[in-house]
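Let me begin by handing over the structure; questions about it come next.
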Amino acid sequence: MNNYLLIPFLPLAAFLINILFGRKYLKENSHWVSILAVAGSWIVTVITLLDVLSGKIINEDLYSWIVSGEFKASVGFLIDQLTVVMLIVVTTCSALIHIYSIGYMRGDKGYYRFFAYLSLFTFCMLMLVMANNFLQLYFGWEGVGLCSYFLIGYYFDKKSASDAGKKAFIVNRFGDFGFGLGIIMIFLTFGTAYYAPVFSQAKNFAAQTVNFLGYDVHLMTLIALLLFCGSIGKSAQMPLHVWLPDAMEGPTPVSALIHAATMVTAGVFLVARCSPIFSLSETALTVVALTGAITALFAATIALVQKDIKRIIAYSTISQLGYMFLAAGVGAYGAGVFHLYTHSFFKALLFLCAGSVMHAMSGELDIQKMGGLKKYMPITYWTMLFASLSIAGMPGFAGFFSKDEILWLAYSGQSPVGKFVWVIGALVAFLTAFYSFRLIFLTFHGKFRGTHEQEHHLHESPKTMTVPLILLCIGAVASGWVGIPHLLGGGAHFMEFLKPVLGHSEANATHTEEWMVMAISTIAGFSGIGLAALFYLVKTDIPVRLAQKFNTVYKTLWNKYYVDELYSFIIVRPAIWTAKNILIGITDARIIEAVVNGVPKGLGEFSRILRKVQTGLVQRYAAIMALGLLIIVAYMLWR
Amino acid sequence: MVPLNWYLILSAAVFMIGVFGFLTRRNIIIIFMSVELMLNAVNISLVAFSHYLQDMRGQILVIFIITVAAAEAAIGFAIIIALFRNKDTVHVDEMDEMKG
Amino acid sequence: MNDLNFPILSALIFLPVAGAALLLLISRSNESLIKWISLIVSTAAFIISIPLFTEFNKSTHLMQFTEKHSWIPSLNINYSLGIDGISILFVLLSTLITILCVLISWNSIKAKVKEFYISILIMEGAMLGVFCALDFMLFYLFWEAMLIPMYLLIGVWGGSNRIYAAVKFFLYTLAGSVLMLVGIIVLYYQSGRTLDILELTAKTYPYPLQLWLFWAFFAAFAVKVPMFPLHTWLPDAHTEAPTAGSVILAAVLIKMGAYGFIRFSLPLFPEASRAMTPVMLALSVIAIIYGAVICLAQTDLKRLIAYSSVSHMGFVTLGIFALNLQGMEGGILQMINHGIVTGALFLSVGMIYDRTHTRQISDYGGVASVMPVYAAMFMVFTLASIGLPATNGFIGEFLIILGGFRANQWAGVLAATGVIIGAGYMLWLYQRVFFMETKPKVAGLADINLREIITLLPMIILIFWIGVYPNVFLGFMHESVKHLLERVNSGGAHEASIAKNILEIIK
Amino acid sequence: MPFVMPDLGPVMPEIVMTCLALLILLADLVIKRKETIAFLSIASAAIVTYLLAGSAGITFKGMFIADNYSLFFKLIFMLNVILTVLISVKYIAIEKVNFGEYYSLILFSTLGMMLMASAGDLIVLYLGLELMALSAYVLAGFLRHDIKSNEAAIKYFLLGSFASAFLLYGISMIYGLTGTTDIYKIGEEVNRLIGESKISTSSPIHPFTHSPLLLSIVMFAAAFSFKIAAVPFHMWAPDVYEGAPTSVTAFMSVGPKAAGFAVLGRVFLTAFGAARIEWTGILIPIAALTMAVGNIVAISQTNIKRMLAYSSIAHAGYMLLGIIAGTSEGMASVLNYMLIYAFMNIGAFAVVIMLRSEGFKGDNISDYEGLAKTHPLAAALMLVFMFSLTGIPPTAGFMGKFYLFMSAVSAGYVWLAVTAVIFSAISAYFYLRIVMYMYMKEPKAEVQLSASPGIALALAITVIAVLIIGVLPSKVISVARIAAAGF
């Protein structure tokens, strides 16, 4: 019995049960189905983890999915170290967030639907990470995108929510466009879409160039970059990051699960999974590193000024994802995955805390209308504080180890842009600490700035919500301890565990330098927190004055660098304009239809003219006959 | 002996006169007479050929043509009378009830 | 070769026609009897078609369940039927779709009920005939005969602008097909007086003739598909037709064009097809993008789906003219997929149109709140339409893009952009209709009833069946497609290879 | 020279026909019920049909030929008589011209056609043609008190005589050239004449050395084109078709046209067989023009009889394709089409006639609005005939056209076939308009149908024939091939 099959298919079964019977029969009890399923998955995952730890790697097909000539793709499963890490992340977060949702979503009219979607998402995400070939990966990839679409647009009667869902899906399609082509290129290059043969043969093509759309390009670079397009979309990197902030329209547990802990990290997972290909192309790696670094910085700057609690965390997610790509780009895939793993805990926790706050504030999102919530909701406060300390990279917390690993490997690795991205990374670490604590201070400290009515309602969330918070908090604090570096006396077990899959990047720098890197990032974190404390606890007028002084900068940041407006201006509006005015208005109506309608019209017109020949006068008829005869005779004589 | 060509030219000329008459005259009866003229033109050439070829068929045909012409005249006048009763005219250019 | 010892294809074709004849005898006032007879006849036809599916021998490219009778012996024209791996799926699709068309029209057709069901049944017979015919004359007979019931379906039971749409449909398609008729006749004499499709496709024709005939056939098939500059009948016809008419049009009728390319143009004119591939690929890609972009500006539900058909059929022709296995199989599968998905979309639109009597997208909004089951089903169709993995649309589109990319990288890349735009317009449509606040016209609508659910259920099952386990369907076509591609890709070079073999033997 | 009684066997049907027609003329004096006369005329046609079977042979020294070719045409004529009489019975009563002469005139006209079909000599041809035409003139003007009918008769009469004169001129020329009026002997002579002057068979003959021959070909072409209503000798057709009583229009649209094709085929393929390149050079433009004018002008018609007149012009254009092909296959396709055309056209006219009732003309296309609602059966029948005239399978019209185009292509006239199919696609435009009016518009006024058992029978025969030949054309085609085997 292949136990591992239960991991994805339990949630699928839960989805089917909920979607078919939820509306009429299960109703308020729908969560039981989903939670039991995901809990089952979690248990099987743990068993599988033990198997993998004991060295048992699974790679087998369930059935062949698409067979056409030499093209073959299966539904198959590969469970190795990387997969199992992802499995742990997905099932753990998913399970906790399921439980949290019981309290958070109680009373919602689409209760069954919500749990159905969560289960479906879990299924798709598990299929994604467990795939043993690219096509199944693509299936999971699109599947999670779909669930994300459903869940973002969960409150579909709100225009903004349905807009956001649609936007997420379509923006992702842009990335998937490249991803799909990448899969096709892989198939055309290797003759297969399975991971194992592709990765083992990749080296043979290391030096090959290929003609792509008329340009000769390095084959591995091409494939890697096409795949990376998918990552950019899914992990909301520049320039396809625009969907993620809007995705916050979805219920908060969704933001936590999909848009923080699991789905958005699929891009990182893809790069890590395809590390044998990426490693063969320095260009591709550089692109990955720079994209990650720039996105990290870019999103962090936007997060500085946002007022919406979820949006701040969303930009922080984009920024942290950038970190992970930065890591992958410098060849430190293990560090990237490590950060993915720790990030999933503290970021999910941040979102759930935000949800808890919103719950208390009756859906209020603007942190400027909060303040002083500490005394009303202590559990939320403390868990969120720990999560923020973790993300800010405070020593000892999970985030510290993973972030430090990334910065260290960026600094010390072989990458030509390593030092540059390290500088950005350190800067982002500072910014991260700043905006995270800006959020904490504005929300939980100071005086309450909301309405009286809101203040009256303030309360701590129910047990179903706070228990997951506490559990996640343990993860946010302690999950990093499996990867304490050798320098600090740890065993770097996490990196060692992933080594068979992701390889190991050699650091060629001294211990002193390593201490220095660690110190710098720690200092950056501390100073970020300090500055936030100064701005929002001590001298609260500084931010306002700064905003006034650097109005343009502030406006640009507030409007997210106008990227949305730019896309609307260069893609959406021209497309619709073209459709309306050129395709419908000119090609269809004035050219094709003009011909199509013109021919019968012309014939009708010609018919009316030709009718006039038939005057009704006998002699005219006879004359035409005679004339016809004459013409024929003339033709016969002079032809 | 008169050469064949002279008959043929005469025949053609009479035929053309008939055609011309048909195309130009307004009165149906005159138009009909023009048709008779055309038939007689044919008769001339047939008789001439018959004589020239020393073959009876041409003359037989001429007899038939004359007979048929008579029948045609009978029917033609009947139609003209029917028309005249309804329309009070024998002018062909007033008959354009149907056209187009 | 007909292992069943039963003229199953003839039975299949003439059962609906006999049903139509039976309807003629029934009093027009007895509407429920007319409906039930139509339902029984169409269901019976579907049941008869099931053995085709189960008994089909997948290991050969040869025609199966063949029947051959002398028809016009003096011209060597035969009544010859048979199906292979390419046509079998269309036969099944046609029989299935007809049942659904009968069901969907149950309450929505109120005038001239008798004539309506007669038209539907005759239509079914003609559609099946087109897919089963192995004689060109027979094929053409069915091909053109289809125009009559379709003309009536659009023109009599259609929307407000129905007459224009019906006449346009008829003339457009007729003008295309008559050129093919001359082509057929020329072929008849070129091949030494035969119209047997198998014999015709085994012969080689001089290249210039191939070229002329290719375009003559193109006129017929491209109009039907419809390919890019010849597509303008489709939005009008689809939009104005009654639901059943739109469904038949979208699901089966426009497939015949692409089927014609596969069955005739490619094997008859292999060299011309190869030479014309760039043109065909370009037209396909234009259709994909053009159709998709134009959807963005549509305000009419059915019109939008109609234009999306142009885009999707662009994928089909792209796959076919990729002239490789993946493209061709993807193309054929995508024809089935498009039949299922677009058919289902039109069925769904028909259901809501029966309730609201408006096709304007702006009149809708928030339907998901009042009709959750309907919304869920429509979502499945939307997803299949945009080619989400695990739905049938993905399998087809992926194989086509793969095949198209192999044939011509630009074609593959540009076609893939169609997938992006496709997601754009379909999701936007879904949003405007189903999401957001409930509009007054929609408020209080009853969710779809059991009959309507039963109508849509087969489509949903098929969507996931093909999406999750497409090999059942792809398996039918492997051999036939392989054989066809051998013919297309070696046609003309065939003699040369024989000569080469002989030379080697001599050596 | 002793008088030798010629063999009357082959000509027996015609003799019997003459007698019966005269008998009916007499019977009309004693029998008051006109339905009986109608029945008698159908019976006569039946008797003649029966006699036709055993009448093969050549008699009067080759002047009269009763071969399979003429037999086929005669069957069409008989069919034409029977169907016309069936649809006339009630109609002429409504038109208040219920006279017995009507039936005998039809029989006389048909007798003329039979003579034309069997003519082995130009004299017989001329006599047959005149007999047919003179009766038809009278029939066209049969509605004595209707100005349109008078006008139709006078136009038909004048132009018909005009055309006859050209025919005669052509006859005299060819007689002078060859010294005979026997069609087959003329053929031999022409073959010899051309053979002497020609280097190769494919190059055209020198125009000036053969001007009498060319002139007579032109004259024949003109005269026969007049009978079959081919452009530019078609001008009479729309007016006459519109003005004549509808039953007569039905009769004329088939009979004289068929007879015209009979002589056109016989004369051009036999007498001028050697000069094929010359006359195809005339007929190809005529055919193309005929299809063009017929189909295009029909588009803007508002009167259904007039529209059907243009349609009949167009059909003559299609049929010319078979003649142009110049092969027995081509002739067979013409015969086949002629038969099919008889069924579908008379069928269409039968529906048109039904719409004529007391005080209601019913010949405007707009009168057909909503017919499917008020009279579904009549509309369905009209639908079949319209699709058949368009040439959409599975109706006979399609099979007929298919076979015609096939013969044209086999003779190498691919472009002519392409022209023909394009015009036949255009024709769909106006035929479909009738269907559209019937099925897709709401009825404006209550239309009374004047149905009768006769019309019902005629419609049954025609619609069944149209559908059966449409699906199983094999029999008809093989019969037509046998009939045309002589060419």
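Here the chain labels run A, B, C and D in written order, and each chain numbers its own residues starting at 1.
Here is the rule we go by: a contact is a pair of C-beta atoms (placed from the backbone, for glycine too) under 8 Å apart; a residue touches a chain by one contact, two chains touch by 3 or more.
Keep in mind that what you see is a predicted model, and the values were worked out from it rather than measured.
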item	value
Selected interface, A-D versus A-B, where C-beta contact pairs are more numerous	A-D
Identity of the most central chain, Cα criterion	C
Separation of chain A from chain B, taking each centre as the mean of its C-alpha atoms, in whole Å	97
Centre-to-centre distance between chain D and chain A (centres being mean Cα positions), rounded to whole Å	78
Cα-centroid distance, chain A relative to chain C, in whole angstrom	37
For chain B paired with chain D, centre-to-centre distance based on mean C-alpha positions, whole Å	25
Of all residues in chain D, the ones touching two or more other chains	154-155, 158, 162, 238-239, 429
Touching two or more other chains - residues of chain A	600, 611, 614, 616, 618, 622
Multi-partner residues of chain C (at least 2 other chains)	171
Chains touching one another, given as label pairs in label order	A-B, A-C, A-D, B-D, C-D
Residue numbers on chain A that touch chain C, as the complex places them	19, 23, 63-71, 135, 138-139, 142-143, 146, 149, 153, 156-159, 162-163, 165-166, 169-170, 173-174, 177, 180-181, 184, 187-188, 211-213, 575-576, 578-580, 583-584, 587-588, 592-593, 596, 600
Chain A-facing residues of chain C, complex	168, 171-172, 229, 231-233, 290, 293-297, 324-326, 329-330, 366, 368-369, 372, 376, 383, 388-390, 394-395, 398-399, 401-402, 405-406, 409-410, 412-413, 416-417, 419-421, 423-424, 427-428, 431, 434-438, 468-471, 474-475, 478, 482
Chain D-facing residues of chain A, complex	600, 603-604, 606-608, 610-611, 614, 616, 618, 620-622, 624-625, 627-629, 632-633, 635-639
For the chain A and chain B complex, residues of the former touching the latter	611-612, 614-619, 622-623, 626
Chain D residues touching chain B - in the complex, by the definition given at the top	122-123, 126-127, 130, 134, 137-138, 141, 144-148, 150-155, 157-158, 161-162, 164-165, 168-169, 171-173, 175-176, 179-181, 238-239, 242-243, 301, 306
